[in-house]
């Protein structure tokens, strides 16, 4: 019905079939910067999310990666309707939820849940674990024995149900994140947005939580939008991965495709920057990007990555080509199941030379 | 032969708390040599930070410290506080995890570096300022003359960490201790910082200690690696020894539980359970309750870090053949998995 | 020893005897009203007084000012009038003596004409410095008549032919008053519309004192002249001499010695000639008087005890009173005098259940007056009132014992008698002595909420009323707000503990006539709280809700007395008091309060000004060496 | 910055308008009496009341009176600018009285502020650095005493000891500096100290808390790692950050205090704004009440602004636009 043409060139994997669970179309979010003596005028905008389009299919995990400030968390909050988009459309389960009032949004709130980075900060320290996990039942007035359902949930996420009456501070970080997972799971949502769910955890615990999330996905046929800055974690858990830079979606492909054949120079730079650990010998050709990410208040013209792009300089013999500077490259298919927004995408296997410091 | 800068022998650090005595560091020994990077890996509570805060003399007064910390021939634990202070920041510099909070928000970056210089060198402000600017240039800060006059909040995260490094390195210390220097940074910035540290290390020919939970980072830049668990070293060897033929099941667990960008495994193998309490650590090997290979002696005597037939010291009772076999099996399992 | 001092001493002895007699009747505080040791009484020094707040009602403008404390300052120090008092305690202090006038005249023309001759040699203080003439007194009356000037007790002068108080427009200096003639500078003649027995008293009130038009014409709004008052008495406001009267009105800056929220200082008036006065009237020992504001009552009393102040204008707190009475060193410095003031519970004759005289009588029987006086601090605070007027107002009789229409044992109330009265009431249908009508269930009872004395009395009244079945519902307001509410007729307050009444001058007219005559009922600012004599048209105009058919009137009894003079007049008022107490019963009077004053050790001569109920400043002497 | 200051000043005006408007509404809606009736003496006639109402401007509806008040406040009245009108019960211009009393309150506030800062900050520092020692406990005991002891009790106690018994300090009252500097100082000594005790205690606790918190900050660790002497770590790095909130607090407290320290002024009989407003409320003296309200609101708002500007200098992270 409202499923209009999706401009995204379809990137599929074995997990993507049928109608998407979530589609965002041209999603844009600007945070106004105001100034004025009495009446505040908007003088600028932080362009947090700029014209982002993608879909998430039932049962899959879409990874969303990028550096801090790239707009990945804002995108997640827009989909959860914790923020209102400046423009664009969000279709959930075939229905346009972009402009639903909070009352009409309520049934969808059950279907979209979030898991946050800091498990402690997101749990009310004055509520017992049972109350925290049971709260969604109370809010959405579900029938049945709440206590039993909470105990079942606790058991399922690997918490001892006898700890029903304990408080968050009595748990370790990993257990607290299990509480967060149980709370998100309580109402059997269709989509769970995981915003850096394992970043605050010790490495030995990270794996436990990641495995739990995978098991729950299989068991309850969950769909995940998984946000992380840890590229290893994202690769592990995602079916498809979207890369964001300065508010823009710059590349989207299946996980293996993206990691093995990155086509956008930014993705390539990002991957090469990751220490390779024991697998690789000493990496010598890390693409060390120059400088910092530009301000989202005043983003560069043309391709947002052009001021730092090694490929552009390579193509232009040290100068950044005109189109990179002036025209925003569209998200185009560079290969089946692989889209990137670049005028000069890398060829498969092409390795970027390390950029000398300017 | 490399010159030994720092030798720590049987260091113990204990804190009295209302709940009991916290044995934060429980007998750790290691050395750092000039021109070498020692990577120290472990999870929170493993004692890695406390060890080096103790080396720096930055541990609060209520701690009980024993052992020896020999820096350039002098035992820091026996020196009067004033002399330790004179070494701190001059002979040894330290960089901390969070560059957002580690710089004083109300003083100019340049002034903070100047302060570090003038705490140890009797030179005038102008000269110190020039030194600070020069150092900022060296750590890759663009337009250092102007940026030195900025406040920390006007810097990006990466720049702040560069400034911290400049502050730690400005007096050309023999030893740089970096405590999770890149954990709070984005991956591309992390790469820049690690690069910078490498570069400075070779330029100044100092020793570096890199404390991190990120095995990838350690593998990337360290010559020697110490894996810590519950206040002790689980194993201690060269980078290749620890990463290619790890001897301790905890190290195995760490290596296997971390998803990497290069390859995808079907299922991660986590270390079950949670890190132990430091007030009432498990008897014997502190790791044994979480260890899949535990056997008879593990909950008896505590295993010391020593050569146990392998090519580097470890603290596990398993026979060396078993260690080699078990590690080989694990490696095989990993290799088998479809990529 | 000079003759003057000898005379002064004689007067003091006389006063002492009189007051001892007056106090004996009440069995009150037992303090002295006058003290002095001729050997110590020397001229000089400054008498230092503090008060929490001047509380002036007319901003110290003599035309307007209605506050007793201000009258004390005027009559002792600042404003001489045709007639005045001796500025002493007791009935002697209520006797008129000539001041500006050469003598107290007898009326002619059937009591309708009074002629005065002025003494020579009485001058205004600086900067006016000229002889006072009859025109200056006329000008005072013109200001009383003036519409904008805000005279607050002008009604006393409406008996003068053609004088419409506060109602005559235009410049007061141009107002024509046919009833006042000034044939020459030293003569003034008053023509009245009717014989008025107490007219002479009204000529001893400060508003009638001479006012120099050359200064006062600049200040014709209510209260405006207060900071520019030119002295005609022995003292002047400090800094008066600096007042610039040369450059017209705009050149005049307020006199520096009066800062209305800080202090008021008096110094000797250089133009005052003692030979125009008598030491019996004004002895003028001190060189100056300072009255400062100290908002902390405790601090004022502390400072008096420390000799850092010599006196206070402050209501004594019960705990301070107890402290004084238990310590002989302090007690000798405590002075208790009759305040010519009655405190009472007022009942509204239009509001049930008090529209029934039996209920009102029952209230008089049931209230425990001893308990109420205890809240005031016990016997020292005054005599228990048994009727309307304090005996000092009517020559000392009848005393409380001599006339007590609702006598109860030890003034503690008598429930039996009260219930017997109540049985006769229409509100006691089953005649069990308790009100059983619904109107008694919730009766609004207005009280002061900002004063512990009143809040301490409240439970007694409520409990006593309950004994005869009346449930009082207290409503507490700050004193000024409580007064304003009570004085607004359409608030229809049934019963209140708020008010007290003091005389304006020592004639019962200012008591019973003002309080109970129908002509005194005003819709706003009404002081006839019981609405005695309320007429249907007044009821309609003022918005009275309630039954007005049974409202009795005392107009006939009161009108009868007004033309009389002398003892005849006094007896007539006493009869009116009895009539009101027995046939109207608007009040439960409970206390004739004393004025309690404390002096420091530095005060070597004390006297009380009976007329104003405050310090006889002109009789006070201090020993500066004892001042802190 | 300039724009910010202008905006904040406009905001100050708005605050004054709102708060005076509320004062008017409260005054006219309260079941209290008519100031004209009070002024008119004990048996006021209707004509007299009307006359006085007219002279006071009370004959207009309250909102018109408010309008006139606002007009006079901003444009001035017959006594000049700013027009605060005339006192209902003394007929003097409120402005003169207000300013002379504000000066007294100012002297009280400044002296007390000096004392409380001089006491509070060092006590706070010492007890933070000597945490859990006898000194710390004694200081915090003092703080508890200072916070909980009512000013009037302390004031009366102090007067009883130093004036009535020891006779080493003068009693209550106000002596101007120009008339007798020594007396001025002695006379202010008690109110300064008594008023400052409450604040000193509060500030000691605040400084202690802030310093303890600051000393656990990462940048303190950095300062130590640089090898700075401990004294320099505490006084340069620790205090700098922990005193910034104290500055904010101080500005607000000081501004509030300038609006009148009612109890202290009453106990020590100081002719300041606090005693004035008490008198004015008792006398239903609307122009005086509103005058104090305007002044108090102005001081509070103004010092808030000063603090905010100062903050921007103290803490470079704060920038206003």
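As written, the chains take the letters A, B, C and D, and residue 1 is the first residue of each chain.
In the analysis below, a contact is a pair of C-beta atoms (placed from the backbone, for glycine too) under 8 Å apart; a residue touches a chain by one contact, two chains touch by 3 or more.
Given the structure is predicted, the values throughout are model-derived calculations rather than measurements.
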Taking the mean of all protein C-alpha atoms as the centre, the chain whose own C-alpha mean lies closest is D
Between A-B and B-D, more contacting C-beta pairs sit at A-B
Rounded to the nearest Å, the gap separating the Cα centres of subunit A and subunit B is 31
Taking each chain's centre as the mean of its CA atoms, subunit A sits from subunit D at a distance in Å of 53
The distance between the C-alpha centres of subunit B and subunit C, rounded to whole Å, is 92
Multi-partner residues in subunit A (2 or more other chains touched) are none
Two or more other chains are touched by the subunit D residues none
Interface with subunit B, subunit D side, in the complex: residues 217-219, 221-229, 232, 237, 240-241, 244, 314-317
Interface with subunit D, subunit C side, in the complex: residues 53, 56-59, 61, 64-67, 147-148, 150-155, 165-167, 221-224, 226-227, 254, 260-262, 292-296, 298-299, 302-303, 306, 308, 477-478, 480-481, 483-485, 487, 514, 520, 522-525, 527
Contacts from subunit A onto subunit B in the complex sit at residues 67-68, 172, 174-175, 202-208, 210-211, 214, 229, 231-233, 235-237, 255-256, 259, 269-280, 282-283, 286, 288-289, 291-293, 357
In their shared complex, subunit C is touched by residues of subunit D numbered 30-34, 37-49, 51-52, 55, 87, 89-92, 97, 156, 159, 163-164, 171-173, 265-269, 271, 275-276, 278-279, 282-284
Seen from subunit B, its contact residues with subunit D in the complex are 56, 58, 85-90, 93-94, 96, 98, 101-107, 115-116, 119-120, 151, 153, 164, 167-168
